[in-house]
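Read through the structures below before going on.
The same chain A turns up in both complexes below, where it pairs with chain B and then with chain C.
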Partner chain A sequence: MNVMQQIVDGVSVSSSLLLVALGLAITFGIMKIINLAHGELIMVGAYTTYAVNTVAKLPFFVAVIAAFVVTAIVGALMERFVLRSLYGRPMETLLATFGISIMLQQIVRILFGATNKAVISPISGTLTLGNIVIPYLRLFIIVFSILMLLLTAYILFRTKFGMLVRTVSQNRSMSDCLGINTSRIDLLTFSFGAGITGVAGAIVATLRNVSPTMGIEYMIDSFLAVVLGGVGSLVGTAIGSVIIGEASQLLTFVGGEIGARIIIFVLVIIVIRFRPEGIIKLESR
Partner chain B sequence: MRKTTIRLFVILLVSALVLVGCGNKNSGSSSGEDGIKVGILLSSSGPTALIEAGMIKTAMMAIEEINENGGVKGKKLIPIQEDYAGDPSMAATKAKKLVMEDKVTAVLGTFTSASRQAVLPIIEQNNSLLIFPNLYEGEEYSENVIYTGPIPNQGLEKFIPWLVENKGKRFFFIGSDYVFPIVMNNQAKALLEMHGGEVVGEEYVPFGHMEFASLINKIKEADPDIVFSTVVAESESAFFKQFHDYGITADDILIASPIPTENDLAAMGPEAGKGHVVIQAYFQSVDTPENKKFVENYHKKYGNEPVNTQMEAAYYSIYLLAAALEKAEDITDTKQIIDAFAGQEFQAPSGKIKVDEENHHTHLNYYVGVGNLDGQFDIIDKYDPVRPEPWSKLLYPDHEEPWKK
Partner chain C sequence: MKQLWKNHTVSLLLLLYLALTPMFSNAFGVELTGKFIVLMIFAIALDLVWGYAGLLSLGHAVFFGLGGYMLALSYSLQKGVPSFMARFQITEIPLFMKPLTSIPMAFVLGLVLPSVIAFVIGYFIFKSKVSGVYFSLITLALAKLFEMIAINNQAYTGGFNGLMGLPRFPIGGKPMELDSYYYLVLAIAVVVYLFAHWLMNSRFGKIVKSIRENEPRIAFLGYNVAHYKIFVFVISGFISGLAGMLYVPMNGFFSPNEIGLALSTMIVVYVAIGGRGTIIGPAIGAFLINLLQNELSEQYPAFWQLLLGLIIVLVVLFFPKGIYGTLQEKLGAWLAQFRLRREGK
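The block that comes next holds the complex of A and B.
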C-alpha cells in the first residue's frame, strides 16, 4: 500500500476539513452558538460560487469573495432576527437553526432548481513526485486553508476587532460595563464566522457538486474537529482537523472506508471521555 | 404593544395555514367533474426532488397529451399530485390521503425502495394500484404493484459480457453501502465470473460519502481494466470528478456504471464524464421519432433541461396506465385494471416496451452510452428488450416465483 500517498491525501482531506471547521470554531468555539445551519452556510457559499463562476462566468477569485459577502449577509440576518433573542438558550437555538437549515435548503431549491450543479475547478492537472500523485487543485486547497487559518488568527489576535470579540466572549457583562457595544460585536462575529464558512463552501464545491443537501455531511465532521481539538481554540480546531483528516485516510487500511469512519468516532468518544475540553484546553474562570 | 404584535402574527400564521389546507382539499374533491383520478406521489421538495421533480413534469405532460387526444374511455385523467419530500413516513401519509380520501384509481410514484415499502401496506390493504417507475434492486413482487422501471438483471445480463469482450477482464467493484448497490454488484460479480472475468477489488462507501482520495489510491494499486461503480446520488459525481482530478482518463481505467444519467454528467462537469461507459434503458440521445417528439415537447413546455431515464419512465408509465384503463371493462375493479397490464405494449421514446404477462415487471430496451463533452451520451450499442427477473435466475435458480401461485 502506498503509505506516503495516503499521508499526502490525508493532508488534503485535513485542509478541506479545516476550512469547513474554521467558521464553526468562531460561531461554536468562541460564541458558543450551536448552529445547525452551519452546513447550509457552506451550501450558500457553494451556490454563490456556482452563480458567479459557472453562470455569470466571472473569475474564480471573484466568486470566492462573493461567497464570503453573501454568506456573511445571510449570517448577519440569522443573528439579528433569530439568534439575538436566543442567547443563553441552547435548546431553542438548536431548534431555530435547524428550522433555518431546512428553509435555506428549500429556498435554494426554488431559486436554482432541484438538480445538482457543477463548479468547474479553476486548476487542473497533477503534480507527480516519485510515486505520489497530487492534483494541483488539492495543493491549492492545502495552501488556501493554511492562509485562511493564518488570516483568521491574525484578525482574532492582532486587530482591535479581534480583541473585542475575545473580550465579549470571555466576559460579556464586564464588556458591557466597559462600554463595548456587545450586540454589534455579536453581529459582526457571527457574520465573520458565516463568511468564512461561505468561502469554505466555495472551495469544496470544486471537489464535488453543488446541491441543496450538500451541507449535511460536513456538519458531523466539522463539529468533531472543533470538539476534539478544543472548543474555543483555533489551534485546537487545526489539530482536530489534521487528526481526523489523516486518520480517515490511514485507517482505511484497517477497515475500509466504512470501518475507518467507525474507528474515528470511537477514538473521538474515548478522547472526549477522558478529556472533555478537547486536546487544547482553554483557560476559563 | 409587543403582546399584540405577537398575537396578530400568530393569527395571521394560523389563517395562512388554514387557507393552504383548505386549498388542498378543494383540489382533492371531484368538484363534479367526470374524470379518472390518478395520484402522483412524487417529491417536489426534499433531497430526492433532484430526480422526482422532473418525473412530475413528464407525468403531467403525458396526462395532458392523453386528455387532448380524448382521454380514457371519453373521460379526462385528473392528476392529484402530493409531495412527500423524500420522507418514507410522509409518503405513507400522503398515500393514505390519495387512496382513502381522494379515492384515486391508481398511484404513480415513490422513488426509493424505502418510500415504496412504506406505501405498500396502504396500497395492498385498500386494494389499490401502485405504479413504480424506477430502477430498484428487484427481489420483490406485489399483487397490487406494476413495476415499470428497470431491475438489475436486465441491464447487467448484456452489459457485463459486453464489457469483458470490449474493455477488459479485471474489475474493481465499488458501491454505496446499502441494499441496492450491493445486490447489483453481487449479480454483476456472478455474471463476471461466468464470463471469465476477474474481481480484483471490492469496496463500499457510506451513503453520501464525499472524500474518495484513498479509494482512488486503492483502485490504482489494484490496476483494474474497469471500475464497476454502483455508487449513487451525490457521491457518484464526486467520485467521477475526483477520479478525473487525479489525472486518470477513461483510456487508463474505465468506469462502467448503470447509475449515471444526463443530470449527473451536468453535475460532474463534462471532462469528468468523458469516455466512461453507462448502461440505461433510455438516453436523451436515443434516435427514435417518438423520442424526438418527446424531448422537443418537453423543452417547449419546461425549458432546456436534460431529459433522463426516470423522466421517460414516468411518461410511459402514464401511457401504460391509460392503455390498461382502456382495456379493462370496469375501472372501479382494481383487479381488472391490474390484469389489463399483462402483456401491455407501448411505443415509448426509448423503443417498444412490454409489461410482462406474469411478474408485473417490464421488458425494457437497453442502451450502452459513452459520456461526451456536451453532457450527453453517445450511444454505441443497443439491446432488444430483456425479460425482467425480480429473482435473477443466475443468483436464485431455484427460487419459487410468487406470481405463479
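The block that comes next holds the complex of A and C.
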C-alpha cells in the first residue's frame, strides 16, 4: 500500500461524506434544526434506490431522482407535523427527531425485511494511473459531490428561493413583517435539505450494503464534519468533510479503524473546546 | 411521618410493590423485576444530568457499560484465561487486565473509570462556550465509539456476543440467593433515590436547577457554571457505573448492546416518558416501559419499536413533562382548587 493511494482513497471517502453532510449543512447549519433522523433520511434514500434500481430495474438516474422526491416528502411530513411546533427548542427537537429515527428504521424493516440489501453499482471498471487505482464509480462520486456542492451554493446564494431561506434564518420576525410566508419557506427548506440527503443516500447505496441501521454512522460523521467546519457555512462543511474523510482514511492505514475513530473523536472535542465556532467562522451581525 | 407520606406517596407505593414482589412471583419474575430496578437506578442517574442540569446525554450507556464490563470481565477472568481469549491464542491474562483478576479491584474500577471519563468529557465540553446541543452530539458519538470498541476487540471483550455464562450472584466469593440479591439491589436503589433527592434539594441542587433555567444569570451572579455541570455529570457517571455492575449478576451476560446506542436510547425514553426533573418520574418511566416492552415485544416485535418511536414523539409534543410531571401538575392544581373551595365555605 502506498501513501498516494491512501490519499486518493481519502478523497473518495471525503466526497461521499460531503454529499451526506450537505443536507445537514442546510437543516442544521442554516435552519438550526438538530435532526437526529438525518441518518435515517440517508437510509430512506438508499432503500428508494434499491427499490427503483434493483427491484424495479429502472435506470440509476431515475432512482436518484426518486430518492430525492421520496426523502423530500418524508422531510416535508416531518417538518409539517413535528418540527414546526418545536422551533427554538433544540432539546425537544433533538428528542422528537430521535423518536422519528426509530420509527423510520422500523418502517423500513417492516417493508423490506431486516436483512442487508445490495444495490448494483451503475458504473464498473477502474482507472489506473501509475500505481494508483481508482474505480470509475469513485471518480463519478467525487465529481458528483462537487457538482452537488456547487448546485447547493448556487441555489442558496443566487436564486430568489435561496435569498428567502437566508433571510428567514437571519431574522424571522422581520421576514414575517415583510410579508414573507416564513412557514412555507421553512417547509421548503427542510424538504430541500432532506431531498439532498436522499440523493446522498442513493449514491452511498452503491458503495456499501443497505440496511435499516446504516444511517447512524453517516449521521455522526456528518454532524462532526459540520461542527468541525463551522456551522452555517458551506465552505466549512466541505473543509470539515475533507479533514474527517482524509483523516479517517490515513489514520486507518496507521492505527486501524478503531484507532482512527478515537483520534478523530478526540480531535473534534478539542476543536469544540478551543474553537467552538468551528474552522470557518461566520460573520455574525 | 405524615409529611413523608405526603411528599413521597408514589415512591412509597412503588417501593411497597417492589418489596413484596418476591413473595408473589416466581424466580423469573423476581429476576425480571430486579433488572427493572437496576434500570430505574440508571434512569435516576440520567435524570440528574438531563432533568436537573438540562444536559441531554445521548450516550449515557457508556458509563453503565464501562461499569458492567469491568465486573463482567473480572468474573470471566476468575477461572484463568476465558474461552473467548483462548480462541485468539492468548494463553496468559494480558498485563493491562491483571487488575481485573481481583473482584474488589474491578468493583472500584467500575466506579472510578466511568467517573473519570465523565470528568474528561465534561471538562472539555462545559468549559467551552458551546451550547448543550453539542454535548448531546458528542455523547452520541461517544456511545457509538464505545460500542465499536467493544465489538471489534473480540479478544478482550468477547466481541459482538459479549460475555456469557457469568456467575449469578457471587458477592464476596459466596454465591447469593436470588431473593437476597434482589433485596440488595432494591436497598441500593432506595439509597440512590434518597441521595438524589437530598442532593437536588440541597443548595447545590438549587444552583444546578437554576443553571438549567437561566445559565447566563447564574454565571453573572458569580457561580462557576462549568464546575457545577462537571460535578453533576461525574456523579451521574458514578451512579451509572454502579447500576451497570448491579446489572451483571442479574442478567448473567453482558453485551455491546449495554454500552452503546441501544441502551442509551432506551434510558432517554424512560426519563422522557416518566418525567424529567423529578427523581421518581424516571424510575416510574423505566418500570412502566419495561413492563410494556415485556408484554408487547414478544407478541408484536415489529410494532414495538414503531410504538416506542411514536411514544417519544407524542410525549415531546403533548406531554413535555412526562407522565409523572403531568400527573403532578394536574393533581396539584386539582388539590389546590379543592382546598380553596373548602376554605371558602
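Just so we're on the same page, the second predicted complex is superposed on the first by the 282 of 285 C-alpha atoms of A that agree within 3 Å, B and C clash if a C-alpha of one lies under 4 Å from a C-alpha of the other, contacts with A are read in each partner's own complex, and residues count from 1 in each chain.
As a convention for this text, a residue touches a chain if its C-beta (ideal position, glycine included) is under 8 Å from a C-beta of that chain, and two chains touch if they have at least 3 such contacts.
Predicted model, so just to flag it, every value in this text is computed and none were measured.
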item	value
Fit or clash - chain C, chain B, common chain A	clash
Which superposed partner A:I107 touches (first chain B, second chain C, both, neither)	second
Which superposed partner A:Q249 touches (first chain B, second chain C, both, neither)	first
Contacts of A:L207 with chain B and chain C, given as first, second, both or neither	first
Partner chain in contact with A:Q5 - chain B first, chain C second, else both or neither	first
Partner chain(s) touched by A:P135 [first = chain B, second = chain C, both, neither]	first
Which superposed partner A:T126 touches (first chain B, second chain C, both, neither)	first
Partner chain(s) touched by A:C177 [first = chain B, second = chain C, both, neither]	neither
Chain B versus chain C as contact partner of A:R261, first or second or both or neither	both
Which superposed partner A:I34 touches (first chain B, second chain C, both, neither)	second
Where chain B runs into chain C (options 3-11, 111-119, 165-173 or 309-317)	111-119
Chain B/chain C common contact set on chain A	106, 109, 216-217, 257-258, 261
Partner chain B, residues of chain A touching it in the complex	1-2, 5-6, 9, 12-13, 106, 109, 113-118, 120-121, 124-126, 133, 135, 137-138, 207-214, 216-217, 248-249, 252, 256-258, 261
Complex contacts: residues of chain B adjacent to chain A	44-45, 47, 49-50, 53-54, 177, 203-206, 208-211, 213-215, 217-218, 221, 234, 237-238, 241-242, 245-247, 263-264, 266-269, 271, 305-306
Chain C partner contacts - residues on chain A that touch it in the complex	34, 36, 82, 85-86, 90-92, 94-96, 98-107, 109-110, 216-217, 220, 223-224, 227, 257-258, 261-262, 265, 268-270, 272-274, 276
Chain C residues within the chain A interface of the complex	54, 56, 58, 121, 124-125, 127-134, 136-138, 140-142, 144-145, 148-149, 152-153, 261, 265, 268, 272, 302-303, 305-306, 308-313, 316-317, 320
